[in-house]
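These are the structures in question, set out in turn.
Here come two complexes built around chain A, the first alongside chain B, the second alongside chain C.
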Partner chain A sequence: MGNPRPPLRIPGIAYLLAVLVVFFTVFGTRFASAPNLLNVGTQSSILLLLALPMTLIIMTEGLDLSMGAVMGLSGVVLAMLLVKGTSLPAAFAMALGVGTIFGIANGLLVVALEMPPFVATLGMLGVAEGIALVLTDGQSVVGIGSALPAVYSNRWLGIPFSIVVAVLAYAAFHYFLYHTRAGTYVFALGGNREALILAGVPANRYHVFIYLLGGLMAGMGAFLLTGRMSGGHPTAAIGMEFDAVVAVIIGGTKLERGDGWLPGSVLGVLTVGVLKNGLNVMAVPSSLQIASIGLLVIVALLMDSLRGNS
Partner chain B sequence: MKPNAAPLIEIRGVSKAFPGARALDDVSLAVHAGEVHMLVGQNGAGKSTLIKVLCGAHHPDQGDFLVDGSPVRIHSVADARRLGIAVIFQEFSLVPCLNVAQNIFLGREIRDRRRMHAEAAKLLELLGTPLDTHARVDQLGVAQQQVVEIAKALSQNTRILVMDEPTAALSEPEIAKLFARIRKLKQDGIAIIYISHRLREVFEIGDRITVLRDGRVAASLIPSQTSAGELVRLMIGREVDNSYGRRFCERPGESILETRNLSATNGIHEASINIRAGEIVGLAGLVGSGRTELVRAIFGADHVSRGEVLLNGKPLKGAPADSVRLGVGLVPENRKTEGLALIRSVHDNLLVAGLRVVFPNRWYSFGRATQLVTRLIARLSIATPSARRLTRFLSGGNQQKVVIGKWLNAGSRFFIFDEPTRGIDVGAKSEIFALLDGIVAQGAAVLMISSELPEIVSVCDRAYVMRDKTIAGELQRNELTEENILKLAMHHG
Partner chain C sequence: MKARIAGLMLLGIVLAISSPAFLTVTNLLNVLRQASLIFLLASGLTLVILTAGLDLSIGANLGLSACLVGFAIKSTGSIPLGIAAGLACGITIGVVNGLMITLLRLPPFIATYGMLWMVYGINYWAMAGNTIYGFPAEFRAIGSGYALGIPIPVLLMAACLIVGGVFTRYTTVGHEIYAIGANAEVARLSGIPVRSRLILVYTLSGAMAGLAGVVYLARLNSAEAGIGDPLLLPAIAAVLIGGTSLFGGVGSLSGAWIGAVILTLVLNGMNLRAISGNWQPLITGVILLLAAAVDTAARKRNEARA
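Let's look at the complex of A and B:
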């Protein structure tokens, strides 16, 4: 479909990422080792799974705050089924199903009932988290057997399983956004919804589908999360939607006009990942890490607006 | 080629009423293939409604459509599309972040990307404007975006092209190019309905003219058999009567508000006006001529880039808050959203702008507030059961009085009234005008924006007429007629 040309200039986020990498290489002694860098990749892979659909949702001037909670719920369902002895493919399918149902629900609330995305998905966040807590009584789900951890610890040419999944997911989203009709309509939904409707495209259907992708990817992320923790925990992914929104915004996707850039979201995810890991390596307290992520958003947006004005 | 053939499209007896207004009344018109049919009329004459009916966005209450002489139904945008009707609105229906080819083929994408770009390039070539089909449309100028819009229309087998003020945002050379394109489309047998506010264009490109007035067809003419003067008269159509009986200002006082060569980032350029104590000065102009923008620049809501605004002889700069403190009162066009807090009482609304003046030592005094509000309600004769009544329950005229009262309280000496009588019934109108008269009689000055030409003519002491974001001319009391206003407001000659 002929994708819009990516911006010719290097986005501010690339410089920011480079500065962070150099900084941590110099000051964090164990940062630049191969195992740690793979670790950054593994940690970032789940975040990327959320940031990809979040990019599309933000491009349509929407938001999905429920992703973290839905991922937690999907993970709990997955773990509980595995404890009961359900086969891995069947349990995984259920986890994806749970995510998808929540995604569709978000989409219908926003598109059919015209609720503000912030409110609708905040509500669904509460619903998902509540169900997860009820199902588990607030406890971790342990004893999921060895099938899932075995898949998770696979390596492919030395690359951890989760990174492979993240790369494949990126490839799929890139193809979807830049090489399919539906991808073109994502740009149009945010840029000029009226034009899309006048062109006779069932805009609402595509709009709901984008939210569905958010839920689906939350289910996918639950697979990696459960594998990494060898169990399910209802609140394990709470707040991850915040990191995903941060990654998308610092990656250069605008909150209006359908102006989004998928590769930027990868840079955004890596920046968040490097910052968190680097601060960990330097033994900075976790409360300060949260503050630093917040600061990151402001610095990134500031850089872009300063460059935009010059 | 045309005289004997059936018109490509014909509209017969179309009527459309909105609550409280008859927008179209028995309108008929016919457009032949290869003909440019100009549609002219004042603001609110029904042009926009007619287009919306034609493209399926509004459903007429009555009337028939014929394409190629046979009756058709237009019940939806899709119906109109199928019949080959395309509309190019002033607000383009383009997606800013998609490229030229994607916009042209939105919703009808061609699988092979290379072929889609080639097709797009071919269409643009036909229009005589080769553009980079990979360029994002938000990086194109307005004229180029318009070309994309036309190409988009042509790519879907359009036979009837409706253009709503296509030259509004174009420069002279761009207009010349557009006309060349339109002539080309004529040769290809496309019927064009062209809405314009510029009389010069009507004669330059039009083959036939339909004048709309108050929702009816005032006349259907051939350009060579009419004149700009006749068109203007047809657009106005009625005899002027001074029904408000105002005593005009004989001897204006000192200058209250003056702008000198004012230019602003919103497009206003080189606008100079002067309003003196005791005067009601009209600001006329067609939609988009820059009336609202001029007011925003005066009020400090949009950034002034050159020139200056003087209030009582002193330069006025900065934000709206400063303007209010210095005594500028704005009675906005949309009083429900911009002028009033509808869910608060008459009492609160009357006080809100003047808090600083009424309570100079920062302490709120309920007694003083009540006293002031009671006086204002009496002075403006606001019909409300009590000062506690929520303003949303008041009638339009009384709401307007509350907005005026709030500025009186703030001690304003210069008032801007933006369409003060919109949505107000006739009785309340004369009350509002009497109020304006009272305000200026006490030495204040009023700038009144209005699309209702008879109002300007019968109420104002003088008027400025805007066109293309600047002052096109000034009319003194003895020159102030609807005809003179329209002549200045439209391009011709």
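Let's look at the complex of A and C:
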């Protein structure tokens, strides 16, 4: 018996990604160089960490708007502990713990209290951002020592540390979703929750677990973010959840019907990464890059609804 | 509604006891003036949420509208032209939201979420980190002036409350908005033009964000790209505290007014006790979650009874 396989299809997003790559190779002189492409990978790695759980959350008809803020809070906690001289493993464990607590809280609000996910996680966004602001008084946390930046700047066979982390995370999520019994339940949670409950599966527990993964991966992302910035900032990751939502949606995961596609989310993350980097290379200001991502998700949904209507 | 009024009174009594400065006409008018900004945003949002929709773009909309007003007044010197530019900006964003949700059938929270970041990006790009400040006194009066001894924003709020209250309570279109939120399919089958009503509520939501942008700019006397960003959460919180259900069909503008005043009292009370503004997102987030929890619990109770 197998889980729903990742379907073998060439989605519209793959064409879009190819077009973007060709466009930026032709018009952005520094785009298609090895260092820059590694740069795209590094920039995309944090986003992938968020997009993986976001895929599971969206395919269970949910949403997590708090991921960016939770990542910011975890990063601040990590940085503050390092400044105090806490060892890196202990500080990282605390950051993961903070993320996990927020993930569980999100899950309980959505599953136990049956709150609409976007409002529950929007409230948690305020809570996480608020705690980060109160802890830091709105200031950057600097002086985190050299231990974390040293790990972050590691390379493995020439591949940057953050890309290795992202690949491992993808492998774990792919295995979980497509090769375990729990993964099958995730599909059923979005598509046929009733049957799951009738079959005696503790559906609520799995549902909370999916949100837990969102918080956990936000804590994981905080490690890379703090390494990249060599410090913490309370609002550093605000809005990154939007990039993750966009990546998942343009990657072909549907907002309903338990229809998720993990490889598509990777393509979505790369598309967002290539778009941002390419516009950057062409000296388009970062504010307009954000606007272009907003446009991207609406275009993707539009194409999707047109296809659905025909 | 009774519970909310009681809560408001209780909050008022606690604040009056804890600070003698609270129960003065000046301070109460000040609270109302602060509440008016949140109410203007929350009133348009209430209409949207009554239809079981959501508009996440209002904060960003307010920011862009305010900056546009500032730019227009600075470059043309005409106050009416500036105000018109702000309202037009708000309305345009609202119309586009409405079209995306009705014609393209995008889910409201995703369509307006995409709009949020588009408007945000355009605004930060256009402002390029600059601040536009120093406006003529006649314009600033909209935010900080008085008429008949009452702050002008409070008069605007009262006008909105009365016009909006009559609109939702006593007009056919108002009743249709409730009907759509209660059950869109039934509303459609009974001949209500659902699409045009939805476009109307998102347009009104955008227009109110534009108006709030005008008032806020007149009060602050300076515009920068980020001014609307922190206002989304309080606006949603005010609507929910006021008893408007996220699931549509239940709620009122007077509720949103009480919600805006309660929220302002809490934030104002923190201000009086010199608690740092950094606490504001945390407190607002917690209040939002509490209000949403009450709303969902009430819905569950109703379902159990039905």
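Methods note: the second predicted complex is superposed on the first by the 295 of 310 C-alpha atoms of A that agree within 3 Å, B and C clash if a C-alpha of one lies under 4 Å from a C-alpha of the other, contacts with A are read in each partner's own complex, and residues count from 1 in each chain.
As a working rule, a contact is a pair of C-beta atoms (placed from the backbone, for glycine too) under 8 Å apart; a residue touches a chain by one contact, two chains touch by 3 or more.
Small disclaimer: the values here were computed from a predicted structure and weren't measured.
Set side by side, chain B and chain C differ in how many residues of chain A they touch, and the one touching more is C.
In the superposition on chain A, A:R181 makes contact with chain B only, not with chain C. Of the two partner chains, neither chain B nor chain C is touched by A:A18.
When the shared chain is aligned, chain B comes close enough to touch A:N192, but chain C does not. When the two structures are aligned on the shared chain, A:V26 is found in touch with neither chain B nor chain C. Judged by the touch definition given at the top, the superposed model places A:A291 against chain C, while chain B stays out of reach. Legend: residue contacts after superposition of the two complexes on their common chain; A:I131 is shown touching chain C, with no touch to chain B.
Chain contact summary for the complex, chain C toward chain A: residues 54, 100, 104-107, 109-111, 113-125, 128, 225, 233, 236, 240, 246-247, 276, 278-286, 288-289, 292-293, 296-297, 300. For chain B in complex with chain A, the touching residues are 77-78, 81, 93-99, 101-103, 106-109, 113, 116-117, 133-136, 138. Residues 1-5, 181, 184, 187-188, 190-192, 194-196, 198-201, 257-260 of chain A are the ones that touch chain B when the two sit in their complex. Interface of chain A with chain C (complex): residues 63, 109, 113-116, 118-120, 122-131, 133-134, 137-138, 239, 242, 245-246, 249, 255, 285, 287-295, 297-298, 301-302, 305.
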